[in-house]
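Okay, got some structures for you below.
Here chain A shows up in two complexes: once beside chain B, once beside chain C.
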Partner chain A sequence: MTTQENLRAADYETIIPVSRANTKVFKTGQWSQKKPTHHPKLSPCREACPVGNNIPGALAHVSKGDYNAALALILQENPLPGICGRVCYHPCQTSCNRNQFDETVEIRSLERAIADYGCATPQICSSPTDNKTTIAVIGSGPAGLSAAYFLALFGHRVTIFESRAEPGGVLRYGIPEYRLPGEVLNREIGRILALGIDLEKGVRIDSERLDDLQDRFEYIFLGTGAWLPQKTGLSSENRETIQYGLDFLSHEKKEIFCQGKKNIVVIGGGDVAVDVARTARRLCGPGTVITMIAPEKEGDFPAIPEGLAEAEDERIRIIGEYQPIEFIGNSHLEKVRFVRTKVEKDRVTGRYTLLPGDGNDLLVDADLVLIAIGQLPDTGLFLPEIVDKDFSKVFVNDLGMTPSSRFYAGGDLTRKRPAVADAILSGKRAALSIHLKANGYDPEIIIPALTLGQGSSLSISAYIEAGLIDLKKVVQFAELNTLLYRKTGAEHGTKSPPETRRTDFSEVNGGLERKAAIDEAKRCFYCGSCIGCDLCFLLCPDISIAKEGDRIYRVDKDYCKGCSICATVCPRHVIEMEESQ
Partner chain B sequence: MRDLLSGNYAIAEAVRMAKAQLIPAYPITPQTPIYERLSEMESQGTLPGVMVRVESEHSAMAMCIAASLAGVRVFTATSSQGLALMHEMLHFASGNRVPVVMGCVNRVLAVPWSFGSDQTDTLSQRDTGWMQFYCEDNQEAFDTVIQAYRISEATMLPSMVIIDAFFNSHFIEPMDVPDQRLIDLFLPQATLPERFDLNDPAFISNVVTSGAQFLPFRERAFTDMEKAKEIIREVDIEYRAQFGRGYGMVETVQTKDAQLVLVTSGSMTSTARMAIEALRDKGLKVGLLKIKAFRPFPSREVEDALQNIPKVAVIDRNISIGKEGIFCQELKSALYNSTARPRIYGYIAGLDGLDVSPEIIENICLEVLGKEMPDNLPIWVKGN
Partner chain C sequence: MYKENTVEDLMRSGHFACPGCGVAIAMRLVLRALGRKTIAVIIPSCASIIAATHPHSALEIPAFHGTFETAAPTAAGISYALKIRGKSDITVVAIAGDGGTFDIGLQSLSGTADRNEHYIYVCLDNEAYMNTGIQASSATPRRAWTITTPAGRSARKKNIMEIMAAHRIPYAATASIGYPQDLMDKVQKAKGIEGTKFLHILTPCATGWRMAENLTVNAAILSVETRIFPLYEVFDGKKYGITYEPQGLPVEEYLKIQGRYRHLDAGQIERMQTETDEEWESLYRHVTDCQRKGAL
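And now, the complex of A and B:
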């Protein structure tokens, strides 16, 4: 028994290896050079969005049913989400990475749902120590409203001058109710004005008043739009049976123009032409033939495809590759002669030119012609040095400033892309420039830093929360871990039936129901945005990713061996491997 | 109490009486009746411990190790492929110095697939740091399980208690089952160190530095295995005193004047006893050495028994392909430095449970007695 007792008395921990320290002494992270970085990046949709909406961020909120948070996020970049959610040409959807998986996320419908179901107040971006200045905004279209909105958020005193009876410009007087109901417009303009912006309606600015404004305000933002019709240059244009796009849409007597007409010809292939045709459809009898003719190929019309499809549903004939050369008829218009044409884009200037095409002329019966081939700004009022007479527009630089340093301009007046979202961008850019200048910062340094990816849009939230998102890295489809996603079709909103639309100006698109919008938002890959899925945290084999709060992960470089499992598994490419210093 | 039990049931009975607290196991022929019998006892409420059905033998041993480290007396049993699968964890068990007792029923290792007895499965685990006890009959299997707990818990080294497939595992023999009260006196409740302490957490099986730390642990295990020999002897003497039966690490039969000593292990030893008797009756001076403890290897006992004997014949129910029978190798190496070492003749017999009859054993002895020099390679015995 002695031997047994001796062994029993032994300290067992001398016979097996036991560690009461931990292996943290082994800094295994020093074995590798590559380390993951957790840094949100730009999604391609946001890069493409002229307004710079944080689309993945907002959709993440919607996916959880939080429309209020989504709207608050959207309002950081876009003063008019309910409008963009209805009328935008949605370049975001074209560049959506989901196109390479199944089909795009219905971002525009989701923006509309956010605006319609959410409730939020725009966040003031100024600090009390910022300098405050005074700005007159001339014109209350999307550019003017946007400039006024962001300037007010920065704390400046803004007064909008609007020549018409109500604010909104082209939004109210150009876009018909069936696409943009007045109540949506009033709601969104009301939210902007509620920031403490003064609005003077029915005030047309002439040169005398402009001088007066220069005395009263430090800066002036010109956003008067492009209301003069581009003409065809053909003779006999001045009959009452020939009307022009925006003039027609905003005309009090447009219903009278249409009454009793049998054959209406719409010339032009843009959104205004589509709206003109569809408005005419609602104002004339159901037997009227409406034909829309444009120089572009069918399928290549500049108008938003959905609008064109809706027009066709409303029995509007669409013909491409013709341009008018003659209006035929004596006291009354009878026919329009068209010739075959083709459109060529100049690779250098990007301008389109019309060239003769192959084929016979087309003779179309017409008792009303509606021409919508473009709009020109009225620049007669402005200082000669800021006007480009050749192209009838106001000069602006990349900061939204005209050659006269107190004058900024945006929207159609500058003849950039004539879209609501681009007008909002121009107003935002000018507002930020004015704010930076008023505070002694150099906009030429700051604005490029706030530019999203390779695009042209700007982020105000990036100005407020500098560095939170890497604005220069755009997440590509190949960088996503799509194993985490299932293929699903997009949710689409309802449309009113074409039969009822022909006499009715109520909204055609019903939008997404709350539940459908949540489902659709869940389809978003949230490219480049962390949604706190925890996969990196859970799958790190070295327990080297610490979770330090909501969507905040820290890599412990002392122990991360650089295996890259976190970067590989991250469905959104928020994490990527980089050489460690 | 006298009882009729198979070898498997004898082991199960010993485990019950040893009051093993946890029995993680996985069935495999021919060990399955141990598992089944213990399950039956559990369902009848007569098993003091708890059985856990695990997903593999590897897991069974992992669970044994963890529970034993936490101070629990454990048991498991396996055979053949199950033991092979468990191999990695056998090293963990001995390295962690856990006193696990395992019942092993020798069965051939595939391939070819078969079920008969063959010691190669356990002998392949020779270097895992486990003690190995080869039992001759069912009584010895019972007694060895009880002793093994005492030995393992004293040395903090794991033990295999080994019997032959079918000859032991399934054949029913009359045997003595002691009183639980006496067993309890001989083998009290385990008093293992409880290493599981939430307030003082530790990591076991940690990485150590190669020279300064690894070597001393191995050396300590080696010297403790050497010390185990003394403990095995002491425990056996104590057991004999209490129950009237003892086995020793080896047993010698009529070796003093022998011209030839036959060396066997496991169930064929009983047959060899009869063959020796028959040869003695014919006037041939033949003796028998039974090897029970294979690890630790009883070198001193073997040397004492066999030096000065002219000839030794070893019958191995196992084969190390590329060399010879494994007991034969071990004997040769144990005797190499003896001053008067015998000539050693190796025979391979009884693989896959072939019967090693008294005639086979007698013929081997006669052949060896008439042969001047041993062959370099073992002689394969293929039947009568």
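And now, the complex of A and C:
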């Protein structure tokens, strides 16, 4: 620069001052002590989901059409998504924040879509330096499969012993094909076994074999389920034209019971009763009168509501608030007498008692009665000290361990809700406890830390990615900024017409098409999960949030004035304002 | 359109905007979308204070601070100078408040639009003279409190978009800080068009609207979703298009978070709703009219 130009520049600046310094010398962050932090939190759906699926994370992948990434995420928590996506009682949907906006996200259908359209292999969660141990898993229902799956992912040697010809437990021999097709079951069990798990089929474990297993294996997981029928206790119950739910469903030639029957009465209001009634419908055709009778009020039946509605579509009569008192008939059953009943739940024990109700008895014609009022485990082969005789179940603590420290148990054998997702959770819990114990960690400290919110569910991914999500903070609807969301109805899959269903065992629910599933996934608020929408970053008036990568944001406390715009605007309540020191 | 990897922030931290300032957000987004090859003309307003307090600048681009009534001709002049020097790749943008646009700068703005000078005019509308302490402008909505309209302004808000459309400039658009992507897309669109482009951006002001400072963006979103401030474009003064279909939430949702409307009774709120509906219908007629003409 010449001297002349320098002079000219200086002259200008006496007339028109020029700002050449940078405002960054002003640490305007000192105006406020409040600073935002990005911290992903728990969604209420995930807190409620027994398997602890990272629902918002997976749905964010689906919303972009990436089913593979979604499945990989789901497989971190759930070995059986195609099954849960079909038969789970979906407590996630009951808790979904979207209920308070329009209607729940169809999470279950989306889980199914992820399992059916995605392709992924489960991620190994062990390091080579971890100690490895050996485990015998008894029973290949969802509890046993889940325990085996997670133990294998942690690198342990697992052998499953199954008394039946094929693995799956109730999933194969109880839940009918029209809800859960065999190929789905085979696909999901295949993926589990492919982790290098040994399966010994057709091997019933008795007390003697159990002793032998104790010599061969370090730990034993008991997942034998509940297969003994609960009976009404009525003296007139014993005859051939009375069958029990799970025995009937798992019977190879169950059609013989139904042949020629005109009036079938199903006793019970749970999922088993519904499946028994619907199976009977398919076996005896549209002409037979099938009536389902339970002590609960209609609308309060314990069965999953969708299944009940489908049963009604299949012309199954549903009657509530009655219980049987007499099976009438001489050599052949002719009628069943029912009395008016009401159900009372003890607030403390949670036990139900049946009390007499007001109203007349009911006489129902019946040439076949199918009783599905519950199943009990066979606990005869176990050490007496681990059996809770009051309930005929096996004791387990919060770590999934029985009073005998090498024995763990889960599923219907224990006093947990008899459901697939809860069985999966119990297997996961035991697997994690065994893994921690085998490696000298204290499961009593770690398991509570991995528990999701106030619920009972556990996260394996939280164990691996420690600290990424605040598992104790559940995002409430009122905390979301929903201004940018629109009210839209949920996408529902197709159902086959009721007429064809009355004879056919093919799957009733068609699920969501790929495109519809993507649209449905977009309805998710992704409560507590950052999806990288950049709103916080772009809308900071003080340019105090730096974007450092995909979904990675850093707040610059030197300049953040604590206006809270970022925290207010985030549609997913990822950001919170905190006093900084 | 707007691509993330080609943009950077041209506004710096450490400026003196009030916490939560909508003007600062809008300025930041406009400059992100325009890019480094930009010269700004800024006139007295909150934007000018945010951009610089001598000798410190919050901008990474050259900016000229002009006089209150001359944002438009100053920008047009710079644009001419660049043309003469053969520099066709530099965008000139005029940044002014609502007072500087709707009131004092209107005449000179009209002149440049009439001549279709090549530059972008950005009006950052916080609906009053905020920088000097909340005096009403002709952009202040009917019934809004300011210190010069303690019982609420009686005249309605001037429709600056129709005024600009009447000049038949090639591009005029409304934009909102609640929809940053849409805002940046419009800025980039304006950048690619020859002639005078006008952007009307509503920039909620916590201080002047008597509102919590964390709510400026939500207020901007609500202004759009209640159809108080619809997002639309006008090409050549004739071709109207809605760029974002609002939900049509009740205007009360927008009014109730702002202290400047606290004195409104139910009847007045209802009239605000009716007036908003009428304005929306009239805008919608423009849109359907030109769709019909387009179909002919």
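Everything that follows uses one rule, which is that the second predicted complex is superposed on the first by the 564 of 581 C-alpha atoms of A that agree within 3 Å, B and C clash if a C-alpha of one lies under 4 Å from a C-alpha of the other, contacts with A are read in each partner's own complex, and residues count from 1 in each chain.
Just so it is clear, a residue touches a chain if its C-beta (ideal position, glycine included) is under 8 Å from a C-beta of that chain, and two chains touch if they have at least 3 such contacts.
These figures come from a predicted structure and were not determined experimentally.
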Output check: A:T14 vs chain B and chain C. Expected answer is one of first, second, both, neither. What do you get?
first
Quick one: name whichever of chain B and chain C touches more residues of chain A.
C
After the superposition on A, what does A:T23 contact: first (chain B), second (chain C), both or neither?
both
Using the touch definition from the top, say if A:C119 reaches chain B (first), chain C (second), both or neither.
neither
Would you check which partner chain A:L483 touches, where first means chain B only, second means chain C only, and both and neither mean what they say?
second
What is the contact status of A:A165 with respect to chain B (first) and chain C (second): first, second, both, or neither?
neither
Looking at A:S564, would you say it contacts chain B, chain C, both, or neither? Reply first, second, both or neither.
second
Should A:S544 be classified as contacting the first partner (chain B), the second (chain C), both, or neither?
second
In the superposed arrangement, what residues of chain A touch both chain B and chain C?
17-20, 22-23, 26
In the complex formed with chain B, which residues of chain A make contact?
1, 3-4, 7-8, 12, 14-20, 22-23, 26
Which of the residues in chain B come into contact with chain A in the complex?
95-97, 150, 154-156, 191, 193, 195, 200-208, 213, 217, 220-221, 224, 227, 230-231, 234-235, 238
Residue ranges of chain A touching chain C (in the complex, touch as defined)
17-28, 31-32, 481, 483-484, 486, 534-535, 538-544, 556, 558-559, 561-565, 567-569
Interface with chain A, chain C side, in the complex: residues 9, 11-17, 19-22, 24-25, 28-29, 32, 52-58, 177-178, 180, 213-218, 221-222, 225, 247
